[in-house]
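Let me begin by presenting the structure, written as structure tokens, before commenting on it.
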């Protein structure tokens, strides 16, 4: 071999490797919730496709704030809730439309896919497909707070000082329903919505002495319930089920006015650079057996068709206990939030926080 | 030779200018520009001072700021009261290894993150926590005592978090005070109080002022401690800013709040310096 | 008359170390008393006990007859000028001088008047508004003394206050301190390791070593009649030899040094007898230098030798002379009268001194 070959061979090799990288293997920067991308699933995906996955854990508000700060850059796939896509998209333009042809639609529960697409459509283009769904309602220590049937019961003297909920919009919506109003119907009518929120505000201010603290993180709430300092809280279903495994008295209860249903989606940030890998991830995690692994990690069910049969019996049992058939029908699914409603809610939340 | 010196000067100055420019000046200009925008419709903005108007019109925001400022001043005063004897002991009374050991003890809590430290206080103060259990065990309380989620808990957390930033400048200035000067104070007829008032405190004034400025600013800008220890009534100004930026997507109002925090805290520091007859130049040395 | 300051059996231990060991002395009113000793000899400890910053382990301190045991520093009628003066940098000159008066609760007008008087007496009128760091070294010195003197203390303690000054200023301040002392007519207790400061200013000097007073006396006593080998060695310069006593006649001794030189000396009442090992101290300035042997006939000690070195230092110039056996070198002060101006290395000279000037002590270990 001549000298020239000695040098040329590695360079050629490097160039080929670089090409392969460009064509086949990408880094997928995933902006998601805790538990939605468990290590074992990421490992399987990386082995199968050659892509690498970088996971950033976040929540709805932070996802939007992060993407807004960069104009939709820095991440290749995000997982906001379906009701929080249309508004921010109209306002900030942080997502790009989903190419449904790249998605294996057969893997999705059809009704959920259709609903999500409908809710995330802006100017005729769809921006989200469903991934994981769940509800929020009441997590109770049934031995001490069995009388709590709905959100408004949290203000009852029997549980004074042993109540916790978040000071965020789900609480406002939940109380509105429990007070016999329909905030979702008023989404389009700012004045009517304001009226509803004023009543909720009055109720929350009146209820404040009952509250031990407004929880802000899942772990914080778990500690409060586990130690018995709080016996009734407004929280996600999975939190209740996790505690149920340790202490059979604590469980998730769907409130009489209806649990609030949310669906977390897949959405493509406007400046994402690895769409192909993003679509590959979506199709991979929607496989029933993979979806079941995520259900195991996150505690919530997915929109994957046929994944139920892979789910653990314990989880299924907890779900049926918390959701009798009529409660499932009564779930209030969040419609898309029109841009601007947050300002009204924000004022209410500020005033509740400041009230004595 | 002349050219070489100048090049060296430029090279030394560049990192500072880059740091000031990229990390301080440009973001503040950008934040100011954001703060003077007013949302008039979906994706439409006008230039106006409406956001600043909101700050002054809505008593809640002004009230929250005042509360934050007063609590921060109180936290600064308490920190000073506790840190002064501690620093005096470390700088003037403890010797050799005890001195370095005590100084290290002040430093140790800062080896873990602020979050962990705050969690530590939560474990101590909560209803099923250590203090509550101790009180019940000692028979001083017949039921669990809740010490978390109130202003006193915030104060404890703030003072604890700030202690080091008061102790370090105080120890440094007190160490520079010649022991003979203190002895001379006694020798010429002074008692403990008058030596403290006429000699030790005037000497330590630069350290007191710089410590107070740092602690006040840190308390004012603290987010974790008031939110976690304060519970439902915490009401801290940084929480409002966080809420505007992250929860409400209202960057314009958030930026205006941020600017008001900057301006008002600067005014408070300036006024305090004027009132106590100190100048920033004396303090910086 | 009651002494201004009287210490009896004063002791102080630090752990196992006896810093001050059973020291007794008294200081007459209006006198200038110095404690002279090398660093670490315990003189600062004595001073701090008098000022009240240290409690004695034993013994008593009386000022004007009143015991000071258990009296706080701020209640004692003594004041101290510190080694680095310890002026208060946070106050102006008037603030410094008026500090003690303010503490004593005097009226504002009285304080101002007394401060002005004090400034006049130290020769620095009108500098009351100056800051401390605007003063020169000598001015600071005087302010530090004035700060104490306005309080009219019974005893003023001075802890090596000239140490930080340069040589010229130090020489000047020695004279000035002595003048201030007589002007204020106050008892000064001065500690120093610098013998010339002590010798020039003091009425009485205590030479201190390892926690005890070796000798207390006037400068003259210490210089001419040292009572211990330490004092002889510490105060002034000396030629020092060691030898064995061969003959003794009254107070006069004949001693042969380790190198075989035969010297005559005086025991001045110290217990020395034939066969004892003795240390002999002879001051260079007590030795007479001559061109011919005849001039030295009246001296008991006479040696002819060669100049091995010339140590020129103006008025304090000396030569080193080696004896015939090539034994001990003798340091001799070079007279400045001109007759030895041309003496150089290698020249033969004759030296002699009286036996009285050879101070002999029983040899220490």
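By letter and in written order, the chains are A, B and C; residue numbering begins at 1 in each of them.
Just so it is clear, a contact is a pair of C-beta atoms (placed from the backbone, for glycine too) under 8 Å apart; a residue touches a chain by one contact, two chains touch by 3 or more.
For clarity, every value in this text was computed on a predicted model and none was experimentally measured.
Visitor: So if I look at the partners of chain B and the partners of chain C, which chains show up in both lists?
Guide: A chain counts here if it touches both chain B and chain C, and no chain qualifies.
Visitor: Measuring centre to centre with C-alpha atoms, which chain is farthest from chain C?
Guide: When every chain centre is compared against chain C, the largest gap points to A.
Visitor: Could you grab the centroid distance between chain B and chain C? Build each centroid from C-alpha atoms only and quote it in angstrom.
Guide: 56
Visitor: Can you work out the whole-Å distance between the CA centroids of chain A and chain B?
Guide: Roughly 36 Å separates the two chain centres.
Visitor: From the mean C-alpha coordinate of chain A to that of chain C, what's the distance rounded to whole Å?
Guide: Computed value for the inter-centroid distance: 89 Å.
Visitor: Which residues of chain B touch chain C once you look at their complex with the stated criterion?
Guide: Counting only chain B, the residues touching chain C are 178, 180-181, 183-191, 194, 198-199, 202-203.
Visitor: Which bits of chain C are touching chain B when the two form their complex?
Guide: Counting only chain C, the residues touching chain B are 51-53, 72-74, 78-80, 82-84, 86-91, 99-100, 103-104, 147-148, 151.
Visitor: Would you mind writing out the residues of chain A in touch with chain B in their complex?
Guide: That would be residues 61-62, 64-65, 68, 88, 90-93, 167-168, 208, 211-214, 216, 227-229, 339-340, 342-343, 346, 349-351, 353-354, 356 of chain A.
Visitor: Which chain B residues qualify as touching chain A in the complex?
Guide: 42-43, 60, 63-64, 126-128, 146, 148-149, 227, 231-233, 235, 240, 243-251
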